Amino acid sequence: MIGLNHYLLLGTALFGIGVYGVFAKRNAIAVLMSVELMLNAVNVNFVAINRFLQPDAALGQLFAIFVIVVAAAEVSVGLALIISIYRQRQSVNLNDFNLMKW
Amino acid sequence: MMYYQLLGPEIAVALLGLLVLACGLLLPAHGKNAAGYLTTIGLAAVLAAVILNFSQGAIFFAGVYQIDSYTNFFRILFLSAALLIILMSSRYTGWFGERKSEWFSFMLFATLGMMIMVGAADLITVYVGLELMTISFYILSAYLLNDRLSAEAGLKYLIIGALSSAVLLFGMSLVYACSGTTVFTGIYAALSAGPERPVLLAGMVMMIAGLGFKISAVPFHMWTPDIYQGAPTPVTAYLSVASKAAGFAVLARIFLSVFPAASLDWHPLLAVMAALTIIIGNLTALPQTNVKRMLAYSSIAQAGYILVGLVAANTYGLKGLLFYAMLYVFSNVGAFAVTAAVEVEAGNADLESFSGLSRRAPMPAAVLTICLLSLAGIPPLAGFAGKFYLFSGAIQAGYLWLAFIGLLMSMISVYYYLNVAKAMYIGTSRQEERVTLSFPVQTALWICLFATIFLGVYPGPLSELTELAVRLFIAG
Amino acid sequence: MKIDDLVFLIISGFTVASALGVVLSRNIVHSALALILTFIGVAMLFFGLGASFLGLVQILVYAGAVSVLTIFAIMLVMKPDPASTNPSTPSRATHILGGLLAWSVVVGLGMAIGFSRWPSLPAEPAGFDTVGVLANLLLGNYVVAFEAAAVLLLLAVVGAIILAKGAEKP
Amino acid sequence: MNGFPILSVTLLLPIAGALLITLVPPTREDLIKAIAAACTLGSLVLSLVVFCGYDQVQGGMQMTEAIPWVRDLGVRYALGVDGISIPLLLLTNLIGFSAVYASWHTGERVKEFFLLLLLLISGVMGTFLATDLFIFFLFYEVVVIPIYLLVIMFGSSQRVTKEYAGMKLTIYLLIGSAFLLVGLIILFVKGRALLGFPTMDINTLAGADFPVGLQVFVYCLMALGFGTLLSMFPFHAWSPDGYAGAPTAVSMIHAGVLKKIGGYGLIRIGLLLLPAGARYVAPVIAVLALGNVVYAGIICLTQKDLKYIVGYSSVSHMGYVLLGIASVNLISLNGAVMMMFAHGVMAALFFAMIGNLYQQSHTRNVFDFGGLAHQMPRLAVGFMLAGLASLGLPGTANFIGEFTIFVGAFGVYNVLTILAISGIVITAVYILRTLGGVLFGPRRPEWDHLQDLRGVDMVPLLVLGGAILVGGILPFTIMDPINSGIGQLLGQIGPGQIGGIL
Amino acid sequence: MQDLMSLIWLIPVLPFLAFASIGLLLHRWPRLSAAVSIAAIGASFLLSLLVAIEIFGGDPGRVFEMSVRWLEMPGLKVDMGILVDPLTAVMLLVVTTVALLVQVYSLGYMEGDPGWASYFSYQSIFAGSMLGLVVANNFGQLFVFWELVGMCSYLLIGFWFGKPSARDAAIKAFVTNRIGDFGFLLGILFLAVVFGTLDFGQLAALIPAYHNLAVLLPVAILLFFGPVGKSAQFPLHVWLPDAMEGPTPVSALIHAATMVAAGVYLIARAFFIFSQVPQAMLLIALVGGFTALFAASIALVQNDIKRILAYSTLSQLGYMVMAMGVGAMTAGMFHLMTHAFFKSLLFLAAGSVIHTLHGEQDIWKMGGLARKMPITTWTFVIGALALAGIPPLAGFWSKDEILLGAYAGGYTGLYLLGSLVAFMTAFYMFRLIFTAFFGGNKGGEHAHESAPVMTGPLVILAVLSVVAGLVGSPLTGNYFGHYISVPGVAHHPANPVIMSVSSLLALAGIGLAWLIYQKQSVQAEDLRQRWSPLYELLRHKFYIDEFYAWLGKTFVDSGARALEWIDLKLVNGAVNGLAYLTGWSGRTLRYIVNGQVQSYAIWVVFGVALLLATALMTVFTVLV
C-alpha cells in the first residue's frame, strides 16, 4: 500500500540526486538544472502532503505554485548570469571561476 | 477591523521601487540622479512613518502576516540601512552607468523582501519574501558587468543560494508534513498537540541550515568572503547588514514562536555553531590583505556574536541580538562607506590603498577606525554595549565557555582591525592630494559616526526600544 | 497490490531514472532533455495526486518555459562538440565525498521519514474545486506573498535583461 | 561643593579640550598646546580642590553624582571619590599635567598627539572616579586605543619596532581585560539573581554575599585581568617593550597611572566584592609578587637601555604593591596604595627625564653616556631624585610606601617578605649603577651640545619632584586619606571575612 | 630652662633649612651658601652646648622627650621625635663640634672648587640628618635618618664625580650599607610586628619583661646588621677605605668622627635589647675585636696616608663595638667621643698635607714636612699620640676603659687582642709620622703651612684631643660614666696594671717604628722580603675586595644574564609563540575557502548532514 512516506522518499531521492548534481557537474547550467531537480522534489513533497493530510485544502499546492514561480524567476536570472559571465570568460566551467579565494 | 494602513510601508516601498524603475525608463540619462534623490526621500518618509507608529501592531490574514514592535524594529533597521547605503553610494553608482536607476529599484525590492520576511508569520510568505530579497541580491552582486569579480560573485551566490533555499524548502515541507499548516501559530499548536516525529527534527535542522546560509554561520559561511569581495561595495554593505539581520529576524521568530513545541533542545547545537562561527571568522580574518574580504570574515564573526543572543534566548540575549543587529548597521555601513570612497579613489580595496589615509582624509580615517573598533567591541563604542548584552545573556543562560570564547576572540579581532588603523595612520601613500567626498557620503559618515559613539556612550534609548520588541517572545 | 500503486512505482521509477540521466549524462543537451522528462514525470505524479491544476502548471512552466529557456542558454554557450559539454568534475575526491554526503543525507531523511508514522490516504473529497480554493488563498490570506511574487517576476525579468544585455561598451 | 558637579567637570575637562582641538587647524600648534595645557591644569587644580575638600572624618564616598544611564542593566553614571581614589586622582592629574609639558617639543602631527593624550588622561581619570562597574570598565578600556595610536605614530623603535610594541601592549592588555569582563558580567548576573534587581553599583553589589566558590573563580579572573595590567609576573611581557616603544608622555602615563588601575581594581572591586575570594587567592598572588620583585629586579642589572631599566624596575616595584594587596590587612593595603602613588610619580619623573635626554641625544644606551652631570646639572637633579626615590630612600614617598607594605606584609608572609625586602638591595645596585653610568664619570665632549632643562622642561621636574618630596617628608598628607579609605573598605567587608594580622 | 628644651628641635632642623635655602635659592652665590651653612651649624652647636650644660648639670636620670605625628595608622606609628638624655647630649656635642670645625676648615680646603655651594649644602644636610639620627626617639625615625646619612655619604664620597674611582667608591659605599640596612630593617619589622611599637621608651619598658629568646636573638642579630654596615665592621668593612675618594674634610667628618660612629651609637641606644641577649653580645664582641685586629694589621703596610687613617678608623670602630659587646657601653661611648676628636684631627691634618702637596697621598713621596708646616705636624703628632693611647691624652683614657671592661668582663682573650691592637696602632701611626713628616724623602720641598682657617680647627681639635679624655678619667671621678652608663652595671675601678701595660705597649710600638723608619737600623725592605707572603696578603687586604668582586661576577651578573635569557626566550617567547600560533591557524584555515563554489556546496551539505545526524541521534535515543 503506497503511503505518504513513499512519496516523501521519492522526493528525498530526487533531492539527493539534485544535490549530487550540484557537486559533480562542472557546467554551470547543469548545476542549475540539478537545483531545479531539488525544487521539484520539494514540490512532490508539498503536493503529496497536501493530498494525504488535508485533501480539502490546497495549502501545499499553493506552496508548490509559489515554488514554481520562484524557480522560474531564479532560472531566468541564473541563466542571464551565466550568459554574462560567459561573455567575459568564454566559459561556463565552474572550476574556472576562482579569481577570489582564501 | 484590520489596520491595513499598517501595511503601508511595504506597499509604499513596492510602489517606490516601481516608480524608480519607471524613472529609469522615462528620464533621460542625466536625470537618472533624480532616481537617487527620489529613493532617498521616499525611504526617509517611510522610515519616519514607521518610527511614528512604532508601537502599533495588528495580525493580518488569520495570522499569516503580523505587524508588531518586533516587525517595526527590523523595518526601521532595514529602512535606515537602505537609506544610509543609498547615501554612501552616491559616487559609487557612477560605475553603474546607464543602469543606475534600476540599481536603486533593486535595492528597494530587496528591502521590500526583507520587510516581508520579518512581517510574515507563515512559511510561504517567509519563503517568498526571502526569495524576493535573495534574487535581488543575485542581480545586485553581479551588477558591475565589466568587472570579472562581480560576475563571479553573482554566479557563486546564485548557486549556493539556490542550493540552500532548496534545503530550506525541503525542511519547510517536512515541517508542513508534521503540522499540516504553514502558519506559525498553527504549527506551534499542532506540534505541541501531535506526537513527536523524527521527521520534524529533520525539517527543523534543514531550516536551520537554510537560514544559516543567510546569516553565514559556519559551516554555511564559505560563500561570504567571495561574494563580499566581488560584489559592488554598497551591495556588500547592504548584504552584510540587512540580509543578515533579516535572516536573524526570521530565525529568531521561528525559533521562539514555533520550535519550543519540539522536543529537540537546539540551544547547544546553536551554541556550538556560534562558537565555531566566532572562532573561524576571526582567525581567518587575521591574514587578509583586502579590506573588503577582511570585513567579510569579520562579518562572519559578528554573525557568531549575534547568534550568541539566540543561544541564550533570554531577555538580555534577545535584546543583545536586536541591539547588536542595529548597531552593526551603523558600524559596518560606516566602515564600508569609507572603503567605497577609497575604492573609488584607488580602484581597489587592498590594504595598501588605505595607507596614509589619515593625512589625505582625516575624517574618514577616524570614522573607519572608530567603526572597526566598535565592531571589535571596544568601549565606549556601540559594539561594547551590544556585546555586554549578548554575553550577559549567555552567562545568565549558563554558557560561560561561550562567553569566554566570544570575548577572547573579540579581543584577538582587534589585531586585524588595528592593522587597518595602522596602515591609515603611519602608512605612506603614493599620492598626496586630499580625498574629496560628496555631500551625501559625508552625511552617511557623520550619521554612522554619531550613532556608533552615541549608542555606545548612552545605550539607554535603544535598549528601551529592544525591550518593547522582545516583549512578544519573553514575558517579563 | 493495487493498480495505482503499480502506476506510482512506474512513474516514480521513470522520474528517478530521468533525474539520474540529468546528472549522469555527459552531453548537456541530453541532460536538458532528461530534465524535461523528469518534469513530466513529476507532473504525472501531480495528476495522480489529484492536483491536476498544478500538474498543468508544472508542464507549462517547467517542461515548457524553463526547459526552453535552459536550452536556449545552452545553445548560446555551447561548445563546438556536444559530446563533452557536460563533463563531471575531474577530481575523484569530489565525486566520492559528494556522493557519500548526498547519500548520507538521503539515508538520514529516509530514516527520519521511515521512523515517523503517517496517516493513510484519505478519500478524495467530492466536488472539491482546487482552483477556486487556490484563487481564494492567493487573493485572500496570501495576497502579500502573491504581490511579492508578482514583484519578484518583474524584478527577475528586468534583472535578466540587464545582465544578459551586458555592459554598454565605452 | 553642593550642586557643582566638580568630579564631572574634572573628568570631562580634558575631553572638552580634545573636542576643542578637533576644531583647531593643525597648523596652529601653539594654540593646540595651550589648550591642552589649560585643560590639564584645570583638572589638576580641581583635583587639588577635591583633595582638600574631602572630609576624612566623615569618610566614605563623597562628592557623588549619579544619573540613571541604562535602566535594565541598572547602570548609573555614578562618580564619587573616597580615600583610595583621591590620591590616585591627584596622581593622574599631576602626571597628566606634566606629560603635556614633557611632550611640549612634539614637532609633527601635534593635533593628533594632544587630542589623543587628552582622551587618554580623561579615560584614566574616569576609572578612578567611577563607582559603577559598567562605567568603570568603559573607561578602563577607553585608554587602550589612544595609547596604541600614540605608540605607533610617535613611538620609537630600539630593541623592538614600535609597531610590534604597540600591538603587543594593546592585544595583551585587551586579552587580560577579556577575562576581567567575563568576571564583571558574572558578578552582574549573579548579583541580579541574589539581589533581585539589576545593578552595577559597586557598593550595592558589595551587599550581595556571593558564594565562596564563585568568589574564588571570579577573583581569579580579576587577578588575571588586573594583574596583567599591573604587569604581574609572569604576565609582564608587555611592559618593558611597551614602555620602550612608547613616546615619553605615554610612558609617563602608562607606567605612572595606568598600571595603578590594576591595583586599584584589585582593591576596590576585587577585595570589596569578593573578600573570601581575595583571601583564598592571596597566597598565590604573594608568590607571584615575589617573582616580580626579585626576578624583574635582577633582570634590570643587565639592561642597557634606560627605558628598559625603568620598565623592568616598574615591574619589580609593582611586586611590592601586589605583596601589599596579597597580605590583606589595613597596613599593607595602605602601603600598597601609597606605593602606587609614589611609584607613579617616580616613574613619570624618570620617563620625563629619559624622554628629554633621548629627544636630544637619540640614544638611550647607558654606555653611550657618562658625566652628563657636567653638562646638564638640572637633568642630573631630576635623575637623582627619581633614582633615589625608586630605591626607596627616606624622604621620598616611595620609602613610606615600601616601609608600610613591609610592616603590613611581614606579619602575614614572613619568608616571602624577607625575600622581597632583598629587593631593596637589588634596586640599589642597578639604580646606582645606572645613575653613575649616565650622570657621573669624566665629562664627554660629544654631549656638550645637549641643552640642560629650562623653561617648560622644568615643569615635570618641579611638579613631580615636589610631589615625591611632599609625600616623603609629610607622609600624613597622603597617608591619612588612604588610611580612612582603606579603613572604611575593610570595615565594609567586616573583619571576619579577611585574614591578616589586624 | 624649659624654653631651651622646647628649642631643641631647632638643632637638627637648622641645617636642613640651610640645605633647602642653598639648594633652592642661594646656590648661585657660593660664599653666601657657605656662610649660611656655617651659621646654621654654629647655631646648632651653641644650642647643643646649652643642652649639654643643662643635662650634665642635672641628675643623670633626666630625659626630655617631644614628638610630632608623622606616619600613623592603626598598628603602625612612626613619629618624628626628640629624645634628649646624656647619651644624646654627648653625641649632639660631638657631632656639632666636629661638623662646625670641619666646615670652617673646608672654607680653606675647598677653596675655588666649582662645586663649592653644593658641597656646603651636602655638609648641611648631612649635619641635619646626623643630628636627626642622634635625637631620634624611635626606630622608625632612626632608620629614616640612618638612610639619609647614608645618602649624604654617597653624595660626598662621589663629590668629585668626574673621577670614575670616586663614582665607584660612592656606589660601593651605598650598596654595602644597603646590605646592612636590609638586616636592620628586618629587625625593625620584627619589633614592629612583635611589640607593635617602635618607640624606644615603650620598647625599653616591654623588652626586659619579654623573655622569648627565640624572638629576641634574631631581632638583636638583625639589628646588629645595621652597625656592621654603617660602622664598617667585618665583613662589610670594604666600603670605608674606598670612601677616602671623597674630600678629606668629608672623610674627617663622616668617615671618621660621626657617621661611622652611628653604628656604635645605635648599639648604645638599643642596649636594652642587646643586653638581654648574651649570645648576640658575644657575637658583637667577637666581630668588633676581629675587625680591630684585622684592620690594624692591614694598616701596617698601607702607603696612602688617608687609607692608613681609614684602616685605623676601622680598627678603632672595632674597638668600640667590642666594648659594646663586652658590656662596657660607657667605655664604648667614651672612646667614640675621644676618637671623634683625635681622628678628625688626624684627618684634617692629613688633609692639610694633601692640600699643600696638591693631592699627593703616598707617604713615601712625602717627607721632611715637619720643618715646612710645623702646626700641621705637631697637631698631627698630638692626634697620633692620642690615638696610640699615650697618657694623659684622650685616647689613653678611653682605650684603657675598654681594655678594663674587657678584662673585668672576663673576656681575657679579647683583652689580649685589644692590647695587641694598641701596640700595632702605635706602630703604624708612627711609621706614618716618621716617614711622612720626619722622613728624608724629598717629597715636601714646596710644601708650606696652610691658611689659618685650616690650622685653626687643627689647634682646637688638638686641644680637645688632649683634654677630652679627662672627663672620663679616674682623676675626675669618671664624670662621664656617671651620666652615661647602663643601669645596674657597676663601673669597674681603674686598674693601674692594665693602664701601665697598655701605655708600655704603645711606647714599644712607637719605639719599633722609630727604629725601623727613623733610625733605619732595620731595613723595612728586608722585613718585606722575609715576610713577603704575609706582606702580600696584608697589602691586598686579605683579598676580600677581590673575593667580593668574584662573587658578584659569578653569581649576580651571570644570574641576571640567565634570567634575562629566560625572560626573552621563555616568557616573551610564550607570548610571541601564542601570537604566531593564532596567526598560523588563521593562515591555514583560510585555504579551506578555495574559491571553488562546488566545494562550498559540499560544505553546506556537510553541515546539513551533521545537523541531521545530531538531531536524529537525539530523537532516536529518545525513542529507543
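The chains carry the letters A, B, C, D and E, assigned in the order they are written, with residues numbered from 1 in each.
Throughout what follows, a contact is a pair of C-beta atoms (placed from the backbone, for glycine too) under 8 Å apart; a residue touches a chain by one contact, two chains touch by 3 or more.
Keep in mind that this is a model prediction, so the values were computed, not measured.
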Partner chains shared by subunit B and subunit E (touch criterion as defined above): A, C, D
Chain of greatest Cα-centre distance to subunit E: C
Chain closest to the assembly centre - both centres taken as Cα means: D
B-D against D-E, pair bridged by the larger set of C-beta contacts: D-E
Euclidean distance of C-alpha centroids - subunit A vs subunit C, Å: 6
Subunit A and subunit D: spacing of chain centres that average the CA atoms, whole Å: 65
Distance between the centres, which are taken as Cα means, of subunit B and subunit A, whole angstrom: 26
Length of the line joining the C-alpha centres of subunit C and subunit D, rounded to whole Å: 70
Junction residues of subunit C, two or more chains touched: 89, 94, 97-98, 101-102, 105, 108-109, 111-113, 115-116, 142, 145, 149, 152, 155-156, 159, 162-163, 166
Residue numbers of subunit E (touch at least two other chains): 590, 593, 595, 597-599, 601-602, 605-606, 608, 612, 616, 620, 623
For subunit A, residues contacting two or more additional chains: 4, 8, 15, 18-19, 22-23, 31-32, 53, 59, 62, 66, 70, 73-74, 77, 81-82, 84, 94-95, 97, 99-101
Contact pairs between chains, per stated definition: A-B, A-C, A-E, B-C, B-D, B-E, C-E, D-E
Of all residues in subunit A, those that touch subunit E in their complex: 19, 22-23, 31, 94-95, 97-102
Subunit E - residues contacting subunit A, complex: 590-591, 593-598, 601-602, 605
Subunit D residues touching subunit E - in the complex, by the definition given at the top: 168, 171-172, 234, 236-238, 241, 295, 298-303, 330-331, 334, 371, 373-374, 388, 391, 393-395, 399-400, 403-404, 406-408, 410-411, 417-418, 421-422, 424-425, 428-429, 432-433, 436, 439-443, 475-476, 479, 483, 487, 501-502
Subunit D residues within the subunit B interface of the complex: 68-73, 112, 134, 137-142, 144-145, 148-149, 152-153, 163, 167, 170-171, 174-175, 177-178, 181-182, 185-186, 188-189
Touching residues on subunit E, where the partner in the complex is subunit B: 582-583, 585-587, 589-590, 592-593, 595, 597-601, 603-608, 610-612, 614-616, 618-620, 622-623
